[in-house]
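A, B and C label the chains in the order they appear, each numbered from 1.
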């Protein structure tokens, strides 16, 4: 390649990411709710400039360990400080300080966010954006190029509306939301701190029709989509509006890329739906349900709180709270893997 | 949430949906091909203002019952009228009129559409749209902000082109079509009354390449996509153009969200393809075929008319007309569930 | 349909496709590395105007045969010349010349490309495009309507940027790339001759979060997406940027529509990923790996070079180089089909 050299970049490249700092060890300990273990050699910088993996980090960077598998990397790291659990704090190399805590991954999230805060609103409305006269745009809202904001739309303060976003009539969006480029939103009410990634489609008609004498006839879809506070929806995912009630995504729920949510579906709080999964119409999830990648749920069923649905699982009936299921049709994890073993054994026997 | 209250909305909220009416019972009976059963009490309003579910509807609203499961709700409804089948007409509460017919769901579709007609064209071309000088735009066509209409494009009367739509050179679109926001269409001929939902991709190159000495070499894709009258394509679905013939979707066929249709595929009339299903290149479907969610069809096979392919089914060979198949690889429904039972039984026995 | 007649089109319709030519047989032989077999009758045109399938082609068109199944069509073709392998060259009808070679499909790709070259850059920047002052745009780059090019972006010569494309800050794009309509790109470095189809999402945050006391907390995603030379990404596919290293797609790899690639994933050179497949975070593919449609790979595994993963396969652990696997969980092809046969036999026996 002549113009562009494609070599590995360091994490947090300042051309692409905001940077903050430097920060002292005390600040990092405070943010991450950690205890400081001073480097055994007594050496060590007082200021840190960023985060990096164990094998890349230098003396002015913070790194992270949460898996015994990476202990050899810890022994050789040049990182100035490492976030890790108490179990590993005696393995720190002599020039490396420790930030010791019980939830190192959470601590890592907070330290990395301190160095690389998420972009915030510029408060600018791009001159090319089409904003309806009666739209109510809150303070310090950023609106990107070629965005279209329809009649009666309300957007809360500090939200960021990306380029080419289309927001239909009367849609409500709360404060501190981030709406990614090319998102299309209609017939929806959206809470605070909601993030929609690029290409999300919210609020289109559900897949509803009756059989008439000359083909299918559309059944009007007269509900909305409601996204509660803190919801995140991944790139190119689609959420249909309800037919006679609202499609509802509970607070804090995170949905990955290319996920389909059918009309009237209800997801509880803090659910996780991994990429390419699909939830059919009118199905209901309790709180803290996990749906792994490419799983599919039939319509009109109920999934109990904290249930876990495995990857590629085909769920055709209700799932109890706390259950772990996998397979198509869905069954308990243990039963699925026992079936796999049984079939393998019988097949080999018959091949003998 | 401070700015936005996210509480359940009533269906057909006038901020989001068009409303028509009020209408008398005779008009509703006519539209829905129903017979009127006067309320037993003799009471009842002469005019109705909208539709609502049984547990929500009031005396000036019409509701609907088509499932025995909801008979308890019928007993307690305050709805002024209910659409239902003859089997349930003696269960109407005393103040509720009946609209009795053999196909209540179809009747419901028509009554709901009467109260909430689909949006129609404003006939306005937004000032920001880029419309080629030689494009032929029919009467009363609406063109949204930032739409791009290429050279030689033809669009039939009363069609609505959403915001940010991209229509490539020479594409033909019939009358009364609705093209959703952010749709991208190229190399295509589209009939009348076709609906494309937001983010649909029509007419891009199929996935075709030959192995050359230095890697893959693209095989030119020289066919089009043809969508016949009344076709609907769901949000973010993708339909590749043909390689040497056209990719064809038959009249009245409805495709859900996130569906993939490969090059040269042919779908018959009034097929149903549910979300996240995929149909590989050159595969052909007869009329009235149903493909359930997340099913996948290999290329170069034929699916007979009225066949039904179950959810997550993996179809590797032809399917007879009228057959019901499920599983991966696909097999008759009965065989699939017998296999599931057999394996469960053998597994339990071996675990004993 | 009144305005638009939807009848089958001939391949390469000049309203939709560029045409080049006419070309003589010698030129076609040269381009396709073929040997000319003169028509037995001695007749035959000296100039050819396009390509067409065997049953459609006329005397001034070139056609193609690579499957014994279509020999009956060869016998009846009116094509002036047919590309085919030495095994079939004695089956040519009397008025048809042969272009004989060992790799007829590759020859076909090159001849079809000669008659229908891919569109090239007009070199025009549309007046509606928003291009940052400090973006470095190479010579002869085409930029479509409503494209947004961010600060510090670099685009190599002869590239084509479609309508409504959004390119974020500091993104690098090499020479001769084609970026389809509505693509959104951020946090990425892209090589030469890369093609992104419409609606592709590159560089958004991966699906990363830690469990905090009040719900999920986002883990900053501080890596990029790197697409090496010649990569192609299908419509509406999504590639998340890395968390602490880059997500990497190796040179020449082709990814179909609606595919998901998770953060930190690494694909080797000349891999094929068919539509609706998903590759989870941190998983690594060697060179020349094939992933068939709707297959899913769990995170943190390694797939060896030239391995082939079957359609709908669920891969939960490493796969050896050169292995063929299918099923969920993945197993060797032979074992999978033996299992299918065993279960069918046992089920029938138990039903007797």
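In this text, a contact is a pair of C-beta atoms (placed from the backbone, for glycine too) under 8 Å apart; a residue touches a chain by one contact, two chains touch by 3 or more.
All values derive from a computational prediction rather than experimental measurement.
Enquirer: For the homomeric pair chain B and chain C, should the interface be classed as same or different, according to whether the shared residue numbers exceed half of all numbers used?
Expert: Looking at both copies, the contact residues mostly diverge.
Enquirer: Can you report the angle of the rotation that maps chain A onto chain C, using C-alpha atoms only, to the nearest 5 degrees?
Expert: 120
Enquirer: In whole angstrom, how far does the Cα centroid of chain B sit from the Cα centroid of chain C?
Expert: The separation of the two C-alpha centroids amounts to 28 Å.
Enquirer: Would you pick out the residues of chain A that each touch at least 2 other chains?
Expert: Each of 128, 146, 164, 182, 199, 236, 258, 276, 294, 312, 328, 343, 346 in chain A touches at least two other chains.
Enquirer: In their complex, what parts of chain B are in touch with chain C?
Expert: Going by the criterion above, the answer is residues 128, 130, 138, 146, 148, 152, 154, 156-157, 164, 166, 168-170, 172-175, 182, 184, 186-187, 189-192, 199, 201, 204-205, 207, 209-212, 215-220, 222-224, 226-229, 236, 238, 240, 242-246, 258, 260, 262, 276, 278, 280, 294, 296, 298, 312, 314, 316, 328-329, 331, 335, 338-339, 342-343, 345-346.
Enquirer: Quick check: in the complex, which residue numbers of chain A touch chain C?
Expert: Spelled out, the residues of chain A in touch with chain C are 1-4, 6, 8-9, 11-13, 15-17, 51-53, 103, 105-106, 108-110, 112-113, 116, 118, 126, 128, 144-146, 162-164, 180-182, 197-199, 230, 234-236, 251-252, 254, 256-258, 269-270, 272, 274-276, 293-294, 311-312, 328, 340, 343-344, 346-347, 350-351.
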